[in-house]
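If you scroll down you'll find the structure; I have some questions about it.
Order as written gives the chain letters A, B, C and D; numbering starts at 1 within each chain.
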């Protein structure tokens, strides 16, 4: 059994890790930390886990965590970079769900995240945990930077086009809609049901932290200069991301075949039949990305619809997928579920 | 492998059976019927099942169904009673999620359901599929009448009190709130999001079809005459039932201990710690009933809070639980999941 | 023009007062206070008010407020009782939407609200602002204690029964469901959309602060000892309260006629036709209470369904109704609107 | 008093007309028709209107309607074109909320709406009822074609750019999100709360009927050939449309000033301060369009956020605005309200 620790177990990605790992046949969760709730049974805070989890929240002490084969960080940005060096030195692997190791350019990271980076020496080693792009590197990695939720949906939708040089990389548009759980389990006015319910809005149009991450990911796939307009929106539901992606075709191509071939061996990317519309409810609670490809009225504008559950393929499920790869387990282990519909 | 058939696979209890059985290690779904969609791949209608279900909807022909070890009926009321005799005669077991065999008194059934009963000879044999009450009978049964969603939540909440003669059976109140999926996948005005969303209402206060079923179930537990006021409500969410139950205590008793003992061996009934409030989100997608017991201000009024997912413990999950019992499988097989929170 | 001030203009009852008063032909809002947002234009915080409100948040200074004919307190509990004596002494009338003056028994108030009362000398004078009970006293009052949202829905539903001695006052049940705006515009985890959305739960079953207020109001209507079980619930919508009320009839009576007669001259209480179900959407944004009366299966249990918009008839609308009475205006002025459906 | 008739009073735009006109000081609703509900009191179907509307649904007979000064058609497409000629001949004005007279090119209309046009001779005369573009023509018109909901939000957002030749008209993107009331009060599976709730999806990406209408409206503002990609989405809320619009700037310009000047005299178009995000909740129930203008990271891509309430500025409110203009009333009469927030 793999001994797993979870740092920051009280947020939504933390409890989602607990949900997934509780049923993973090869993993035993041996530490769940929370400064605020140390000493409390996990299932007292999360009654959904009663009978499935005997853990008690502990303080995030390195001693205890170093005893784990792998430590997941489901923490706010700026935490993993403090502790990861120690854990890696003691032989634990680290899977970071925060943004600490996602951006390769330190200055860029520091600009967007507003703090100095505490472990710049690890950035080069950290592997960006998108298996559909980096599978081999993930298998060998000690330190994984799990992609953000928006970046996962956008990259899976645009990469097949960029990898094949089919669209104008300089003029990409990502209009993306997220459920409110993406804002985390934080007491903020803007996440109140009275504020976010029955309403729809864009936010951070001037610049969202996921922009440089997406740009970096797309840039790797093309030699052209990537130009991306990314507009995130808040939609009144709990789980789910729907990316609507626009790009200009440079040549004629069978888009449906292109996407099907690109993802034919991917268990967690499902290209829907031609003419389909992707619907977030069909991936709710599952680790799957569903993609639909359109070219309306035969114009040269491609429209890609890409949906994920932000807490699963956009966070904790993808983290477990990476863990499976790192430990030589079947990639789908513990992740073969069916979305909860309706 | 158990060969299972599903009649009426296009409704919410049908697709929920498919979701559960797709991951059940001992079951193979060999027939899914739908008159309207015969010939269509199931995963075309339900993209959440892509990759998990290769079935194609077929016509509900007895020949094909009789080839199954067990046939689930996820049909409107009045269908199972037409076909069950044939299937039973040919050796298939039948698990009915509709109301056809729930009421023992034929005249009562015919009054509430507004049609003559087509198979009254089977009513006595049919076993009411509430394992927490009828486990042994279910193990031996050929024909199961699965309890309704409201009746499941109400009975599990009130039975411990009635079985021990602790409350006035003549004055029970069940104020119950259901998510809209309880109305099924039917194109009706009252189930539109524009009608049911952002609103709350009672309905069928004069008399709901689940009233005689609940009364029958409660009456079995007591020799007193049961008097029950049952008020169902529609709450603006998709899944979940919350029953708030009121009864007058006849004597002092440790209610918390009473409930804990009654359900100590039940895998799917979870008595919450004293002082808790049950929350439907904590059972969403799971087969569990969570119960909290209160006696506000020390008065003689007991308040029981009982929550289930109406499509799981209130329908398809409970049906699979019964199937496990009927085929000698571990009762939790295929049902050990964690609720989808948030 | 009546000069009105609003203390605590940044909460939901504050902005609702602004919405209503912006269109009231006899009122000019001359002060809106907020410690946190002093100096900010009101319509910067609430863009819904752009073009309808030129006010700027100011500090809650008595000098400025004393210049108003009437001051509404849309503040947390414990604030009005500090400032009201001063304002009354200077000739302003005070309408308090908080709980400071609702309970006549000071000790009881201090027990439930957990603080000493700062102005006990004003409690006797304060008029409980439920016009359907206290119209004449409201007309003469200097200080109004506006009823809570739950108490409004429950009292309007039960009073006709108690006033006529028709039910057992010792065994009343109020099962009440509230939208999340009732919790106010406060950054609390339990009000997040990810927590409160798609879920239903009871809370404060052991004792909610509105219990003594409801009990006091009901007790005034009967010489019998009132016994009340009050269970509040949170339902996943923004606005609306639905009270389902249960009582035991002591004698036969035409309930429909009783309610219609009781409220025949009330502009804001609407008794629905026999057989109706009240629906919160039909009062959304309006100052109306709609009531439906049932006696299921002819038993001796009366079931009353009573709905209001918690922010209007349950708070700010009722406050303006009281203001109209205090200043000799038509009771409906500024309140004649149609609910926003769908 | 203007005598107004409403044909098709049972749909959402019909009941919204009733809500608005009930409080309009210059209008008396003298006929409300419904084939299915003829003979029924309107407030029986819509209890929100109790006390505000004494009308009874009648059959849609021309005799009765011709007695009105103005007749609103809140009907499915294909109805107005049958009856309008008769009513116009008898001197009534006609305001059509359906699509019958929106498209000037008959062949184009017939292609998208799948039926022959019954009154092609009236198409040239019909005035497209967008006051911000056609105010003078509306004042003189007998027959108004009210814009669709999507077209209203998109045109108001893009016209200032096109009218001034500032963007590449050949590459416009409109990513638009609508609440579910846009689908009308029709019993369709896709509008069920269990289907549309807690989920997000695009639909009709291959081509939506509002595409030619939007294209026509934009084309009028520019001599360049308009190229538009329009992707409508369904978002899990009842009311509201949020258009996110993308265009490429051809020259540098002060976008904020441009929009403010274009709409400075428009009562119902509100350009938000620079840096704002538009939020559908801030226009819920009001006739206002709120617009925010962005140019992220100083690139040449303009992002316009444009929000309306689809049932008000997107339908019934805009229809009443047109009526005010046609009858020489103040344009805001009956429409000066504040959005219902929260």
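FYI, contacts are C-beta pairs under 8 Å (C-beta built on N, C-alpha and C of every residue); 3 or more make two chains touch, one makes a residue touch a chain.
If you want to know which protein each chain is, UniProt gives these names: A, B, C, D = N-acetyl-gamma-glutamyl-phosphate reductase.
Please read these numbers as outputs of a predicted model, since none were measured by experiment.
Visitor: Hey, which pair has more contacts between C-betas, B-D or A-D?
Guide: A-D
Visitor: Which chain's mean C-alpha position is the greatest distance from chain D's?
Guide: Using the mean of the C-alpha atoms as each chain's centre, the farthest one from chain D is B.
Visitor: Please report how many Å separate the Cα centroid of chain C from that of chain D, as a whole number.
Guide: Their C-alpha centroids are separated by 36 Å.
Visitor: How many angstrom lie between the centres of chain B and chain D, each centre taken as the mean Cα position?
Guide: Averaging C-alpha atoms per chain gives centres 45 Å apart.
Visitor: Between chain A and chain D, what's the gap in Å when you average each chain's C-alpha atoms?
Guide: 39
Visitor: By residue number and range, which residues of chain C touch two or more other chains?
Guide: Chain C, residues with two or more chain partners: 12, 181, 185, 194-195, 197-198, 236-239, 279, 281, 284, 342.
Visitor: Looking at the complex, which residues from chain D come into contact with chain C?
Guide: Residue list for chain D touching chain C: 12, 15, 18-19, 22-23, 44, 46-52, 181, 185, 197-198, 238-239, 267, 270, 272-273, 276, 279, 281-286, 290, 336-342.
Visitor: Which part of chain D faces chain B closely enough to touch in the complex?
Guide: 12, 180-181, 183, 185, 187-189, 191-198, 236-238
Visitor: For a test of understanding, state which residues of chain C touch chain B in their complex under the given definition.
Guide: Residue positions touching the partner: 171, 173, 175, 177, 179, 194-195, 197-203, 205-207, 227, 229-231, 233, 235-240, 242, 244, 246, 248, 275, 277-281, 284, 292, 294, 296-297, 299, 301, 303, 305, 307, 342.
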